[in-house]
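You will see subunit A twice below: alongside subunit B first, and alongside subunit C after that.
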Partner chain A sequence: MRRERRKLTMYLSGALASLAFLLPSCENGEGPAADTWDRGAMLEHLTDDFIVPAFENYKSQTADLVAAATWFEDFTDQQSLDRLREELEDAYLAWQWVSFLEIGPGEAKALRFRSNTFPTDTTNLKSDITSFAAGSGPNFQLPSTFDRQGYPALDFLVEGKDLDYFISNPDAAAYVSNLAISLHTLAVDVDAAWENERIGFIANNGSAASASTNKLANDYVFHYEKEFRAGKVGIPAGVFSSVPLPEKVESLYGGYSRKLFLEALKAHRAFFFGKSYDGLSEGPGFAAYLDHLNVRGVDGLLSEEMQEVFTESENLALELNENFEVQISDDHIKALELYDAVQRGVVILKVDMMQALNIKVDYIDADGD
Partner chain B sequence: MAINALIIRLAKGSASVAPLAAFRLLFGLLMAISMVRFYLNGWIEKLYLEPDFHFTYLGLEWVQPLGNWTYALFMLCFLASIFVAFGYYYRIAIWVFFLTFTYIEAMDKTTYLNHYYFISMMGLLLAWLPADAGYSLKHRGDALVPKWTVFAPMLFVGLVYFYAGLAKLNSDWLLRAQPLAIWLPGRTDLPVLGGLFEKTWVHFTFSWGGALYDLTVPFLLCYRRTRPYAFGLVLIFHILTRALFPIGMFPFIMVAGAIMFFSPATHKFWLLKVFRGKAVRKVTLALPKLSVGLTVLFFVGQFLIPLRSLAYPGELFWHEQGFRFSWRVMLMEKQGYTTFKCVDTATGEQWRVQNDQFLTAFQEKQMAFQPDFILEYAHHLAEHFERTQRREKVAVYAESYVALNGRHSRPFVDPSVDLTTKKRNLRTIDWLLPFNDTIYGF
Partner chain C sequence: MKPYYLSGALIIALFSASCERGGNNVEAPATYEFERNGVSTVSYTGQTERLAMGGELGSALLDPTSTEVRLDEMFANEDASGGDVDPFTDAALNASSKSIRSKVAASAAYFSSNATASAQIKADFDQWIALQVSDILPFVDSLASAGKPGQIADGTTPRYVDGLGLEYDQLVIKGLNGALVLDQMLNNYLDPSVLDAGTNREDQENGVLVEGKDYCMMEHKWDEAYGYLFGGASDGASPLGSLGGDDVFMNKYLGRMVNDADFESFDTDIFNALKLGRAAIVEGDYELRDEQADIVKKRMSEIVAVRAVYYLEAGAVELAAGNYGSMFHDLSEGYGFIYSLMFTQNPETGAPYFSKAEVEAMLEDLMDDGANGLWDVEASTLTMMADDIAARFDFTVEQAF
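And then the complex of A and B:
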């Protein structure tokens, strides 16, 4: 019996010793060695030089939009309508720089759903104007209202209607302010939350599915595939339906869908290459991370292959009508060509980049083996 | 002569049930914890109730989630695990465990993991072994059982390790250190060791060490002299893999499997503290011939099933025919992107599919690089559009790119093949594009 006990003690102490040896390595945060990729530095750069300034700018653009909208509500004339349209376009362009940053605070507040779900539901939108005037407007937090708020709703009213409409419908002008204020409030909330959460976001520099790099990459790729490729081009071009659906373009009434597409392309490209938001400097981003790991494409670096995709997509888009609705109605084949070019990027990002950076393309923390 | 003698000794001899009973107790408890963990992680909902469509195993298409009764299924499996652990109504409990657990795993092959398969098969093997003969609520003291019944689960553990080691003897693993060369640099955040994970020599050390470990550890566990060291290796290996990769309960299960190798005397010591029985009894099997027959059949099957991949031409890692159920663990970093084009053959209308309207993110990810998933999903799409849109005949084509072990992504499925013309069966897949590279080895 004593021998058994001694043996058991030996095994148990051996087990405990190995545990003691390995477990502390999971705890204290010692910085990675100099020649390894510093994810913390990358997150800091992307957060402080891109995400935070992008949201700062977006917040101030939506503030300008609110100012123009309330001015228009008080002085409903052509000049203030023109100004409102300009401010709307500026804010919509600024939006393209934060649309793919649906992480952390943005995700919690359904930023993208609330800001840019299109096409907008014009029938319900019209009844919202009446109910808002009667003092019981829609609750914009509810998912059922996602398709009658944000830019698409503003686009319908501000770009789709003329001055006479607003003069005879003062409630509509008031409702435009309401929509603009709701967008701005959301921007202020998310911007403020980022200020609070930036330290935690940068510190979460591990490699778990919930770590910042993984979330950022997943969200970027998700946005590229679903919003940039499918939403802006594929769906209206008729890729997913048996006929083209030109009425599903972004800014259907403003008619500047190409401009928005190109702006989104610029934003995606800048973020991928680690450009700062102001475009003045460059730091560690996905491209540099891939280059650091020497990830190759068919010939040359994978990051260069992605650069080609951006360039080709840009060139093809410039050949299209600046209003995608017009383009798709006239000749949707050219839009399909643009779709195919953008699609090549999905394979590079979702298959090659995610594999090389060892990032899992899903949000479920399921087990592997 | 020596083998003959061994067989006779195994067949005729009797031994203390202690190692088997110890494993039964640990296995049951770990399974109970697994079920609770599965529930607490919200996976029952996410993996089985939320998806509209489930990927099935060939021949087991009828195994589907049971709506809210799925929770009852997990509950039943949990209760059976507890009963197994304490050897209470063991025979019924272990069969209930095997059937419920296997049903759960068969509901959707998206969640397939080798260690789930291991658990299922271990449950099956335990179903006719006298694991409750002693140290159980049925008989608290020790029991003498036929020697082979104690030996059988160890043989199975050893076989799993050995096949896992054999599978690592390929050129990607040994000569390119893949996929560890991709996985380890992703874990540089791990302090102390993390700084080393971008170094090539570390990738190779881990690869070769892993292969050597799998191939030798079952033998080292068998001998009294090497056993303590082997067990130390088991602990280090599984703690390390647990720290590096999201592998859930697997390390604990394998550690329990290794504990079984200790001598009966070692086990008696702690089992008696739990069950506090004094009497020793001798147990004979109720149906000895059937038990032996089933066990032999079990091992013949376990020996052959991993080898079935040899029947398929082409690169196994690419077409994956015979990849599952073969202890090919951690061998591949494979990701894909697969989209589908549907064509109404009567009207000529065509459209592409947004996969997220049919699949969860997890299902889409698993579907994208596994041919049997792609085919089943293509058939499902055709049926769906034919039914909901009243179309006569819908053809489905896949556009697919797959990257394997750090190679650049390349076209996977032949885009000119209407997948609805291909049947789901075990025949060689003829609608994939060539891999255009060679991975040497087993």
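And then the complex of A and C:
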């Protein structure tokens, strides 16, 4: 990808150079506006109107999840299981709004890795239930436990098992509470840390690699590429393997992978366009920044092209089965079409946007060993 | 072209009942297949076995139940007193008389009169294995921090490091790219002193086979070089189809090279040179043989250097992003590739692109920015080292990364 970007850059600058040569008369002071954008104002809006309320809401959703898990542990009946499933889905949806905010406190606590690494390792998860009951559960801070905690682990137990399973395995119900509490504790920690760090985060309004705008843009683009595009669609659709891998979808047991994808799309779109978390207002975000610089794509504003990517991706997703596992098993080509649509956004964000904002991409594609 | 190749092969089959010299125009066959009287003369089972032993060793180095004794036995395929052992899961490897350790830093060109360096290098590997067992495996269930061993996240993958941030399994396996594969291939089997040893030329020209074998000695030496790169392929005659997946050593990294537009011809460059050089031996054209050997030496050396630069630059990016786990993994791989540089060979000089002393100085630089090794490494250390390595080769840092 780096290479792709570099070659595209070379191509673009080559094209610009020949244009400049052919059309010297068009050079009279036109072109992108100088970067007078107020990064501080943008950071304040994104932090106070999106990041902080998103984490506040996420924290309260995970509190509801803990309450439902405790209730289920106590009663272990169909009603409490149904409620638990609802609360799990609600929290999983709220998660989509903070998943790409892996910056500052979230990054320090490996929030995303601990909350949503899938597919989950069901073998180790089952042995964890036993060891937890024996008083020596796993240390969830260890990277080797990332794939047996968080939503995917809860999805396996809460959605993948029925009431009879829990009645005959009370340790499993207790373990569901343990998983939920761990998620909630993380959410509380990260939320509290944001309250403390918000001022410093907003004040770090420069353009160095470590400046808040640079990090935020990188984290957003990274998430769009690796989690939204590859994790939710590309990997299970078989883009990176010789055969489709439908068992690698998000929410494998709950079967609502499309819903989670659409929620993540909504969150990415809102953040890109500077919408407040509650959706009621709008302020400076990446799209406005690009428009301020008059950054254009092939035939319009780059921000409008990104809007088209979101719209097309949403429309294509709505044509898929609500369970991507079923969709990919039946006809993975339609999932590949969705992947291609989302991928166009990677080029816009990672190549065009980052270049226009003069932000260096700070991540590399791991070479996989 | 194809019928022409075929008729060439036919002529060899019909008329060269011995290893006698052919015409001046040597034609490489389409695949790495060479026969005499309808019997294949190609053999490199020893290389295939060592590559497989390395694969098992790599996994065992990360198994918390591994003991130093078992790992040492996998490395040497014998016990401390030289007795037979069965450390592998693959019975064929246990039955094998081959070993990795005996071929580490053991080439004719570099080490036949430098037993001291050879012993020091073997001792490095012994020490890395010992450190993996003493300083990493007991701490797999702890969180690593500066000066403290344990696991640390590289994305969702746990990496197991010592207090300095090093993964010794990576030092061993990546270091073997140089100490085993390059050294044996470039500095031993492709070296004229080995190819032309004893009566090899005479035997080749008179078709004298090695006793009990179907090949002449010189052919076999060349095949052993080939085997260190392609010996893990299921189709050894046309190995490029499975390139990258046939071992954990240079085959894997040649596979990485061709994914990069700057180096995409490396697979065919090397394969064609090995094929044509082998055909040149059959035809008795030793000048052509050595020209092809030089191509292989240059390209194989470049792979090691490109990977070293790549991991240094990747480490710098991860450092900037604060991803220490990813950085440690990159730099542990990089450490092994830098170490491997001393086994490269510049065909113009016959010497490595970086001497043993230079390599050791670089590795010291890598580890001495602070008391806690890679925890304290500075970006400038990494990028300067990458620049220094690239400067001695025909590629740029930009191309390698």
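To be clear about the criterion, the second predicted complex is superposed on the first by the 327 of 369 C-alpha atoms of A that agree within 3 Å, B and C clash if a C-alpha of one lies under 4 Å from a C-alpha of the other, contacts with A are read in each partner's own complex, and residues count from 1 in each chain.
The criterion applied here is as follows: a residue touches a chain if its C-beta (ideal position, glycine included) is under 8 Å from a C-beta of that chain, and two chains touch if they have at least 3 such contacts.
Predicted model, so just to flag it, every value in this text is computed and none were measured.
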Touched partner set for A:Ser144, first subunit B, second subunit C, both or neither: second
Partner chain(s) touched by A:Ile333 [first = subunit B, second = subunit C, both, neither]: neither
Partner chain(s) touched by A:Ala230 [first = subunit B, second = subunit C, both, neither]: first
Contacts of A:Ala192 with subunit B and subunit C, given as first, second, both or neither: neither
Touched partner set for A:Ala110, first subunit B, second subunit C, both or neither: second
Dominant toucher of subunit A (residue count), subunit B or subunit C: B
Which superposed partner A:Leu357 touches (first subunit B, second subunit C, both, neither): first
Subunit A positions touched by subunit B in one structure and by subunit C in the second: 7, 209, 362-364, 366-367, 369
Interfacial residue positions of subunit A with respect to subunit C in the complex: 2-3, 6-7, 107, 110, 113, 117, 139, 141-144, 146-147, 209-210, 218, 362-364, 366-367, 369
Residue ranges of subunit C touching subunit A (in the complex, touch as defined): 140-141, 143, 151-159, 252, 256, 260-261, 310, 314, 317-318, 320-322, 325-326, 333, 398, 401
Subunit B residues touching subunit A - in the complex, by the definition given at the top: 41, 43, 46-47, 111, 113-115, 182-183, 185-198, 228, 231-232, 235-236, 239-240, 243, 245-250, 262, 265-266, 268-270, 329-330, 333, 335-337, 344, 347, 349-354, 356, 360-362, 364-365, 401-403, 406, 408-409
Touching residues (chain side subunit A, partner subunit B) in the complex: 1, 4-5, 7-8, 10-11, 14-15, 18-19, 22-30, 32-33, 35-37, 39, 205-209, 211, 226, 230, 234, 238-243, 293, 296-298, 302, 346-348, 350-352, 354-369
